[in-house]
Amino acid sequence: MEPILQIQHLTHTYGVGTPFQRSAVEDMSFDVRDGEFLGVIGHTGSGKSTLIQHLNGLLRPTSGRVLLRGKDIWAEPKKIRDVRFQVGLVFQYPEYQLFEETVYKDIAFGPTNQGLTGAELDRRVREAARLVGVRDDQLDKSPFELSGGQKRRVALAGVMAMEPEVLVLDEPTAGLDPAGRENLMANIRDYHRNKKRTIILVSHSMDEIARNVDRILVLKSGHVLLQGTPAEVFARAEELLSAGLDVPQVTRVARALRERGLAIDPAVYTVEALERELTALREGGASC
Amino acid sequence: MLKDITLGQYFPGDTLAHKLDPRTKILLVVFYIVALFCAKSLLAYGILALVLAVCVRISKVGLKSLVRGLKPVVFILIFTGVLNLFFTPGGHTLVQWGVVRISAEGLRNAVFMVLRIMLLIMGTFLMTYTTSPISLTDGLERLLNGLKKLHVPVHELAMIMSIALRFIPTLIEETDKIMSAQKARGADFESGNVIQKARALIPILVPLFVSAIRRAEELAVAMECRCYHGGEGRTKLHVLKYEGRDLIALTLGVLITAGIIALRQFTV
Amino acid sequence: MEDAIIETKDLTFSYPADEGEEPVPALRGVDLAIERGSFVVVLGHNGSGKSTLAKTFNGVLLPTGGHVYVDGMDTADEDKLLAIRRTVGMVFQNPDNQIVANVVEEDVAFAPENLGVPTEEIRRRVDEALRLVDMSAFVRHAPHLLSGGQKQRIAIAGVIAMEPACIVLDEATAMLDPVGRREVLTAVHRLNRERGTTVVLITHHMNEAEDADRVIVMDDGRVAMDGTPREIFTRVEELRAMGLTVPDTVDLLDRLRRDGWDVPLDALTAEACADAVFAAANK
């Protein structure tokens, strides 16, 4: 099947012709498959935020192309706004973009810009609100009366209501407490399962990525360092660590156990899987 | 794009122009402005342009950056020039073309007015280019210290100014972020008539305002936690001190200004 | 406690409520003593009262009931306010909103300037504070061009320059990426070790509590747990019930125990966890 997004030799250079010239993204190529849950990980400065702003045409490549369903998104620069409805981008700390008088109106901002009205608009708003767990009675409230976590959900709903084919989330759980993080990720997983739409999750947290995505893209100083399933990527823990990136805690434990001579699968990265490995090892009686 | 705005930008350096006490520089700019408004002859303008050129040379700022500072006022310059050129009454007529008439007087006024504004702006910019905002506010605070007796809140005003300078880049960055976020939701800032364009700004202005209030509240608490309690009993990391070079610079400033004023006697 | 830098006595606090509504207490009777020189981590989910508690520690919030004593001074005593604030320094969540000046050294100098410290002494304190947070190379930099972790370390240096006996970090790592978080933690641990400054770290990141002397867990405005990291993290069920997660290492050991393995629960690092599992596997 054709990938939904193709990034081809993407380069973005800031400050061309000034002493501050620097490439945030350099000759980057990868595909995003239709319907997948892709995790993007990398340090601050790895080019993550520059990259994602190319996916919906907020930034224009210095060179290279971004194809959406096989079509260059910059083929018709005047129609770039349509791309933004197809690739929905939720920025970090999105609650700071809320501005309307009511939660309902704020969620409706995107779909209204799409030209939607009446019953379809209403359906979009209510469905998006439900997807992120915003209650009906909160829709008429001012977004500024809500708690931080609820504001975040409203902002997320505002992008989901555009029903984009690809949803890009930049650090959606930043600053939330563990329960809040888990709740929000559960909402996002539900959205993925029910809507079968592509999700790109940018995160600093290896554990969060490990627990949620189908495939991982590891970025380092503007390049793709590694890509593959979580098992494939975490099996190459050495490369991640030497690039100064974290690996999930469980991967660390599994590595330490291998060093001690236990035959643990190097691709193990969740608590459940390591528990299974260890139980099997013990039942097999082959301890050392 | 918004990040490109240079607002009283400071170019760090180690030249004599950088080392002068900020109070000296503020006073010199005041003298310079007075001299500009007193200048009446080409000779006077010539001297003042030369003074600026020497200062630019000393500061190593580069004429280019100064000229770039003129960009935002090009319109005002042209407007002033045209206004003076065509609408100066009386004097000897040089060109007459229907109702449009250019007089020698008009030409003179136009050239002088444009020169005056250009030199004024470049002179002020030279000061901000060579003085960090913090020592500039510091210098202002010390210069105006006497006004405290008249119950003018000099310290508070200086504090407001330096905090404003501190937060300008933060707020510019934030505006950029909010604009991108709203664009990602399909906001359109480019098309439509004036009213539509103004309305399109609401999704930017409201969040910006809300965030500025929040920042102000948090900053106030943080400042109190660091024992801020007004200007009373405050000391300084960098204490301003006049040096020999300040004395020389100020004397030169006074002499040149006096000279320009004196020149008025010799021109008609 | 004999040598407590901060002590709370039956501390209650309620935020003012809208008219016609009952104020909901954020703190419901907290009795704590923070030992001088210790490294204390306060954990809790959002709304547990941990951040409110922190803000009572230097009089940003005054108790609606009970008392808070800082080095023996009642925080409600207005005459002591400056003395209290220079004793307990506070670092907040958003580094952007606590940096006052647009040059690093000027910002770090802000507190000592307010306190009327002589110029040469300010210079010494600024340099020392920047050294402690490993930011000496940035003396003349503009703060807005620094990374989040660097900005937060400048904010910490700004507090250290008051030479406080105690520093409270109110969710100061919440907005940082893992690198920034590590930088800040390294800086405060060093401060605690080298200067003997008491550190109270408010957070919801479990792993930040690993190296603490003491962990206090807040829930519903009360102290729900209080002990060493080992003691606290082995109480897996209780932590989960309070909306907190346990480190994956503890989670793994907990599961293995249920499966009949003879492993301890208190291994917090990957190495310690592997040691425990390896020992049990070889039995």
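By letter and in written order, the chains are A, B and C; residue numbering begins at 1 in each of them.
Note that in this section a contact is a pair of C-beta atoms (placed from the backbone, for glycine too) under 8 Å apart; a residue touches a chain by one contact, two chains touch by 3 or more.
Everything numeric in this text was worked out from a predicted model, so none of it was measured.
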Contact-linked chain groups that survive once chain C is dropped from view: one piece
Result of counting contacting C-beta pairs for B-C and A-B, higher pair: B-C
Separation of chain A from chain C, taking each centre as the mean of its C-alpha atoms, in whole Å: 30
Whole-Å gap separating chain B and chain C, where each centre is the average of the chain's CA atoms: 44
Chain A to chain C touching residues, read off their complex: 43-45, 147-149, 174-180, 182, 204-205, 207, 244, 246, 248-250, 252-253, 255-257, 259-260, 262, 271-272, 274-275, 278-279, 281-282, 287-288
Footprint of chain A on chain C - complex, ascending: 45-46, 93, 147-148, 174-175, 177-180, 204, 206, 243-245, 247-249, 251-252, 255-256, 259, 261, 270-271, 273-275, 277-278, 281-282
In the complex, chain C residues that touch chain B: 58, 60, 82, 85-86, 89-90, 92, 94, 96-103, 105-106, 109-119, 122-123, 126, 140, 142-144, 155, 158-159, 162
Residue numbers on chain B that touch chain A, as the complex places them: 174, 177-178, 180-188, 202-203, 206-207, 210-211
Complex contacts: residues of chain B adjacent to chain C: 12, 132-134, 162-163, 165-166, 169-170, 173, 214-215, 218-219, 221-229, 233-239
